[in-house]
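Next, two complexes with chain A in common: one pairs it with chain B, the other with chain C.
Take a look at the complex of A and B:
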């Protein structure tokens, strides 16, 4: 469908952007709250004896975790492909075949193999159910002990990754074409929106840290900056196509940090390696200093990964906890305090989304800059 | 009777430490900007980086608390 006419007029464009912006703010707590009601109602149905006991910690952790289907609203889930590598090759099916079961109670048979899903992990099903009706063997902590196939599923996070890649490509191919078409002329449209941010990355992040060799690393820094920023913002949108917690996933941030590590290690010059293996100290200090420096190579990217992961996760838990207070106290009047406060935290999170993208890029540039610095 | 893990206390202690740290960074940055307003943007950048380092420590504690829970 061609929606470009919506953006034909500047006024229209402004209205659309402004409405989306407002919608984001007003709908965030509402949607979270709605989700909570259905979840709380479900919990109440399942366990009437502890109706009042609403486990906030579990609820919040469940919501920031990855999942095999995409919860839209109420009982409606978007099924995502489940792709498993088993002993007899690849098996795939729609995750909606589990019908929302996450307690290993529904067995799915595919190619003569039986699978169950428990706590968003897929296991080979046991032959018979245990006394709680689950087709897995559980240990004392109620963790499944069954074997697992290799899971290559397109989960909610993977799906968000694809969406963000498509949007980022659309935006930046457009901007890049703009520069080709209007070479030497003033920017136009999307280009003039992105240019200040790109210049910000160049002048405030790359140049001060990398010196005159900054141009080589600009593609990486820009990619990382916009990828993190965009996904942070997308994580704040509670409905489609947001709602997934991509930058709050340690695997994603670890991959980004590994990219920085590889750049640092491959670009490190002889001064950098000399500083690590033969620093200018008495030789007997090497016993202490060299191991510390070697560990230092790895702690930097690890700290980078955990910083981004923890910041985004903490923000999501905060919003969910504030809204969850209504269900902990089981009173509507708590919402008078908790909803405005969640709104306030939501606004802060918009700032954090930018700052964390900035910090990650800044520290990446700093670490690379330390590795390529010439000796004075 | 109190039950559960004491990891939350550790997270709280880390938050105190980070609070003091970020407070000091903020106050020094403000002083610096008040003395030399033209250097505000440079001070702000340095302040944010330092704050991120301090904040990360508190968040590490949160992660440890979550894992230990």
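Take a look at the complex of A and C:
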């Protein structure tokens, strides 16, 4: 997959960035669709008499969101530790103590404080239940208005994060060991599986964008690439230890994008800053251009974070919706259409898993490359 | 929009886990792996360059061999030619020498023969004369031994002679 020539020229780089920008728009309808379904979910909430009906939006959103317990099979959930930082220090307990309640109907008392869980978020419980039996104040959109303790719980996503870190460490320490054992020889096993991808990151992502200074950024680019790729694929596995939507979580993508932002800002040379604060244009254009350039510093990583989040979340929603259609129509015959189609989307998601890891790494390298580029 | 609000817990876990992962992998995986790949690529390049150089060297050596072979062949031809000329000249000389030597020998032999012939003839003459004298002596002696006959003979002779 040699596409380095695409990035050889500045014009081409701009075209690539522009295309990816358009690609972002392509996924936004899905986001809107998701918003619509969430509104539908809320509407369903407002009318409890409809609750018996299967709510596709609620179902999909529940599955892509983070969770305090890990659903295994049937009614069996693995309880995960809930760690809260409250006004009186840390409080921790097992999430199974909620007994599957996610409607703020069960109050847990710890250290003289009362907590409820609603939509996988933990709130300080109200003194008394409202008319629906929920120990929270709700607004017109049925969002809880109660205060929240700082939540450092090891959630499903946090667990997946740790699992993926262990998998990544196991895989790449093994690969590194292969290089030590077979010094100067051809790669073997896991090593020969990973080497082309490492070389792909080096030769097609880092070198064309970063020039001769690429080596300094290789650890970040390789780590971010494999972290995103492994987690994207882990997210596609529908059962334990997969199933979590880690790279489709805004917190995760935001942290990764912030890392890119920090690398860009700390490595930006004088040409980069000059281009932002004193570009080569008539002085009166500065009023417009300088704010735009300053905003540009932040829009790039924000776009990075949202692109990854949206793509992965959209893929999960798509698969869940297709499977959910069976329950919406309440007919087994729908599965004849929806299961093969979900399989097809799943196959595409496998491709997207790689492509999104590539795009994130590629654009990170591009942004860093633009900041460290020497002008003569 | 709830999905777009990051949870503080996951942000912290992600930051710690990712940084830890990056530093551990950077130190124990990426650094040795990239170094090993670079070294291997360097070795491959070097080996290819060396092979190329060896190929060039081989071509050069082959050309050199061809050259020296050609030289050797020419030298051989030259030597053969020279040897042939030398041989011819030696043969010619030998022939010539043999001829003169032969002529000389023949001349010598002829002279010797002549001499021998002369000596033999001289000796023969000597022997003939001495033999004739001898014979004559013997004949005379024989003739004279018979006195009566001699007297007869003399008488005969005397008879013929008419005293005038």
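As a working rule, the second predicted complex is superposed on the first by the 322 of 376 C-alpha atoms of A that agree within 3 Å, B and C clash if a C-alpha of one lies under 4 Å from a C-alpha of the other, contacts with A are read in each partner's own complex, and residues count from 1 in each chain.
Rule of thumb we're sticking to: a contact is a pair of C-beta atoms (placed from the backbone, for glycine too) under 8 Å apart; a residue touches a chain by one contact, two chains touch by 3 or more.
In this text the structure is predicted, and so the values were computed from the model without any measurement.
Of the two partner chains placed by the overlay, only chain C lies in contact with A:252; chain B stays clear of it. When the shared chain is aligned, chain C comes close enough to touch A:227, but chain B does not. By the document's definition of touching, neither partner reaches A:101: not chain B, not chain C. Once the two complexes are laid over each other on the shared chain, residue contacts for A:151 go to chain C alone; chain B is not touched. Which of chain B and chain C touches more residues of chain A: that partner is C.
In the superposition on chain A, contact of A:311 is made with chain B only, not with chain C. On chain A, the surface patch touched by chain B in one complex and by chain C in the other comprises residues 61, 309. Contacts from chain A toward chain C in the complex involve residues 34-35, 38, 61, 64-66, 83, 119, 150-155, 157-158, 161-162, 165, 168-169, 172-173, 175-176, 179-180, 183-184, 195, 198-199, 202, 215, 218-220, 222-223, 227, 249-252, 254-256, 259, 309, 313. Considering their complex, residues 1-15, 17-18, 20-22, 24-26, 28-34, 36-37, 39-40, 43 of chain C touch chain A. By the touch criterion given at the top, residues 57, 61, 204, 303, 306-307, 309-311, 314, 355, 358-359, 362-363 of chain A touch chain B in their complex.
Across the complex, chain B meets chain A through its residues 45, 48-49, 52, 55-56, 59-60, 62-63, 66, 69.
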